[in-house]
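Following this message is one structure expressed as structure tokens.
Going in written order, the chains are labelled A, B and C, and every chain counts its residues from 1.
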Amino acid sequence: MIEAVVTEKVAEAGLAPVEPDAPALSVTDLRVWFDTARGLVRAVDGVNLHVEAGRTLGVVGESGSGKSVLSRAVMNILAPSAVVLPGSRIEIEGHDTATLTKEQARHLWGARVAMVFQDPMTSLTPVLTVGRQLTETLRRHLGLDRAAAVTRAEELLRWVGIPEPARRLRQYPHNLSGGMRQRVGIALALSCSPRLLIADEPTTALDVTVQHQILNLLGRLQAEEGMAMILITHDLGVVAGRTDDIAVMYAGRVVERAPTKVLLREMRHPYTRALVRSIPRVADPSHTRLRAIPGRPPTVIDPPPGCSFAARCPHARPRCLAETPVLGGDHPGNTTPGHRHACFFPVGTPEGDQAFADNLAAGRTAAGLPVDEGSVL
Amino acid sequence: MRTARSPLRRVATLLVVLLLVSMAAFLLLELIPGDPLATLLPEGATPEVRAQVEAAYGLDQPLWKRYVDWLGHALQGDLGRSLQSQVPVSHAIFERLPVTLELAGLALLLALVIAIPVGVYSGYRPGGILDRIATFLCSITLSIPNFLLGVLLVFVFAVSLRMLPVTGWTPISRSFTGHVQGLILPVVTLAAVEAVAFIRLLRNDMVATLQQDYVLSARSRGLTTGRILFGHALRPSSFSLVTVLGVTLGRLIGGTVIVETLFSLPGLGSLVINAISNRDYLMVQGIVLVVAVAYVLINTLVDLSYPLLDPRVRAS
Amino acid sequence: MPQTKTEQQAPPPLEGATSAAALATTAPPPADAPVVRRRRRRRDIGAALGATWLVVIVLAAVLADLLPLPAPDAIGDQFSLAPFHSWEHVLGTDQLGRDQLSRAIYGARVSLSVAIGATLLGLVVGTFGGMLAGYYRRAADTTFEIVTNVLLAFPPLIFLIALVAALRPSITTLAAGLALVAVPTFARIARANTIAFANREFVTAARAMGATDARILGREVLPNVMLPVMSFALVVAAALVVAEGSLSFLGLGVPPPAPSWGGMIASGREELYDHAHLVLVPGLFFFLTVFSLNRVGDWARGRVGRESAL
């Protein structure tokens, strides 16, 4: 029954996919800069991204890489001080979000594309009951009457694995545990059967025991609905077994993108390699030194020219300080279809090995980072 | 943020406060220098006559006994008789109370009606045009004491434009329009200052609330701005406002004095001023007691209303 | 909120860039388009002007006897003269021919001395009580709560009126009464800040070194509490000026012939239509003083706010 309502609303709003196989999300050259007292913060600085219908993309990056700003730009909930530069393009199922009609916009956000937030404690309105928050979304987007909305709300809670859903409808968020609150958040996002779900660090704020459950839940729901999903996290372990593709972000740009298995097996970008290497392994002997990435997080206010990772990269050569590598550009090792990276001297290529050898001989990289035998990626 | 305290402790504190308030009200007037009986005694009264009158009014008893007697009677609703007019104090008070309550209540309501939309919108668009105009007007109004504002309003509307009466009160039974006309200037005078305070409070709380994650979450679900502002953001932003509401109502009940004097309205305020100039200390005592008790009770009610506003405070 | 191109046609706010509403699809991305825009901190002109007025009026009030003004109670022969019509009476005269400027300045004496006196007294008593309550907690705190609740239980105006009815109004009694009204406010601030500071390490360290409570309160806690308390003092003073004015307006303030702003407004009220200046001159002085106190007070609170516990 709900599918019929959804289909009808989609047709009404004119939001059917532009082409049958249009990607769920297509981001082209997105730049989001923030006007702050300290200057212009280039939170997202030229991101190209796409997610095919029904597939899962993992977006991995440290704090400040721009992954959250990216998600907010897609959802159109940026802060007023954010500025989206011309030339940026966001397309959802082929529809350019800048040229939507009022009717299309109304049915897009919250219904066709939805988001799950990081902290369930703060992302649910404390003064409204769970049921109220669910039904208001349903009635807004699907035009259901009160009774139908309540029924659907109960179904949704049951679907996300909350026991006694009828009772929970009348409760407030603070009456629920963290895991249950996040399930409610997921139910809210999925209430109108979206085609694209963005999960921004959905498990970071939860107990480790609950994280697994939530991730499994998301996977199950995605398979049942056949929707596309973007899983944003700083934790490679989260995306390792649960995504089709992974995009690695650094300093506001995507530095590598590949199908998950390929990325974890044959990473090219030095940052990706360093990330993977930094994960401690249980099998390592005790007192094994952790392999942290040297240097400091990049500055996104007035960044210097060249590659943003150069200051911390053991492969950095003078070219890296002058030119900025582009994702998918004419770089060594950029030959596998579906696997793109942005590096002049990537890992596992003759150019990359040569660059490291040169740096080793000099004792430091072109950026001044000290290098020794142990720095090999 | 107030935390819920055990009802028993709250009741106990309330009773203690009320008791002390009654003591203070009683003692306040005991400090009067001069002779409260001067108006009652005939010229050249002898000490025996004086002693008789004193005994009749119980003034020859020790202080604590007089207090207990007074309190006992007060609890039964008997606040004595006006020294001047012999009318029972409680009657006089309850005759004038409705006028004061009407003034205070309407002023509060008007202040809210003005403050909520302005406060919400200013919080939604801080630094915008409405916000800047409102802030400017607010700082000006806050610096004009209400008696000055009242005089100025009278000057503009009653004297120059002759749109409204300068002073006077028309009971509602006599003429509805007359009643309303007589109310407009006094209510506006009272409401202006309160509205300003409310706007500032609400705006600041609103700005803070709108930065919360759940507002971002609601936006991501595509809900309308109006729904988010009033359905999701207003209630959590109103705690300071509700606290101040209670305080304001109590303050207004006592504070209508100026407006009642200015506009010659027959309320408690003008009653107390008259009583003071006539040295009618029993009347003053009674009024002070009634007003102070009302104030304490209103504040307690405000305390009790928090669980209604914020489900997180409710005992689970 | 979702905005579409059809809703927003406003020109872009920043050169070379637009908000999410109108993404241009044709222009190539400028690699380094917008210039870094530094936001300048606007200086608080209002507070500066306010401070100037306060200095002027305080000086005038203090030096009133030295200024070339006619005596405030000197009955003249030009009644209700409008301002700016005579060099002798720059701001006009009242119904009895008394000079308005002189009365306004001497009225400032009354208002300011009552308000400042009351503020200082309330500050001292309130801070003392608040610090004790915040430092010793338990019994002291409960007493504090009860006392402040009782003090606050009286609507200020009624309380003052009753007080005035009991005692003969003079500058000292008024100041004392107003101080009582101000004590709870200062006490609360002092208490809140004391609680915050009393738990900090430097207090624990002092205690470990054998410092007595008095020494800790005086040397460690007090300096930290004074700052937030004093930043409130100006705003409280503004409120007390208003309170004193209200009392004089009702005829319950300092008795005539001492001039007061409230009293001038009250007597000028009768001639409002013909001689509005009788109300406007004292009203202007009143407004400027309260406004300045509020403005400078807000500025002070803004400066201190970031560092205090409140």
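Assume a residue touches a chain if its C-beta (ideal position, glycine included) is under 8 Å from a C-beta of that chain, and two chains touch if they have at least 3 such contacts.
Since the structure is predicted, the reported quantities are computational estimates derived from the model, not experimental observations.
Colleague: Compute the centre of every chain as the mean of its C-alpha atoms, then state which one is farthest from the centre of subunit B.
Modeller: When every chain centre is compared against subunit B, the largest gap points to A.
Colleague: Given the contact rule stated at the top, which pair of chains has the most C-beta pairs in contact?
Modeller: B-C
Colleague: Would you mind checking which chain's mean C-alpha position lies nearest the centre of all protein C-alpha atoms?
Modeller: C
Colleague: For subunit A and subunit C, let me know how many angstrom lie between their CA-based centres, rounded off.
Modeller: 52
Colleague: For subunit B versus subunit C, what separation do you get between their C-alpha means, in angstrom?
Modeller: So the centre of subunit B lies 22 Å away from the centre of subunit C.
Colleague: Distance-wise, how many Å sit between the C-alpha centres of subunit A and subunit B, to the nearest whole number?
Modeller: It comes to 55 Å between the two C-alpha centres.
Colleague: What are the residue numbers in subunit B that touch two or more other chains?
Modeller: 219, 222, 224
Colleague: If a residue has to touch 2 or more other chains to count, which residues of subunit A qualify?
Modeller: 106, 108-109
Colleague: What parts of subunit C, by residue number, touch at least two of the other chains?
Modeller: Counting only residues that touch two or more other chains, subunit C contributes 2.
Colleague: Quick one: in the complex, what on subunit C touches subunit B?
Modeller: The touching residues are 1-2, 46, 145-146, 149-150, 153-159, 161-168, 238, 242, 245-246, 249-250, 252, 262, 265, 269, 272-273, 276, 279, 283, 286-287, 290-291, 294-295.
Colleague: Of all residues in subunit B, which touch subunit C in the complex?
Modeller: 13, 16-17, 20-21, 24-25, 28-33, 139-140, 142-148, 151-152, 154-155, 159-160, 219, 222, 224-225, 250-251, 253-255, 257-258, 261-262, 272-273, 276, 281, 284, 287-288, 291-292, 295-296, 299
Colleague: Name, in rising order, each residue of subunit A that touches subunit B in their complex.
Modeller: 72, 75, 77, 106-111, 114-115, 117, 119, 122-128, 136-137, 140-141, 172, 174-175, 185, 188-189
Colleague: In the complex formed with subunit A, which residues of subunit B make contact?
Modeller: Answer in residue numbers: 212-214, 216-224, 227, 231-232, 235-236, 309-312, 316.
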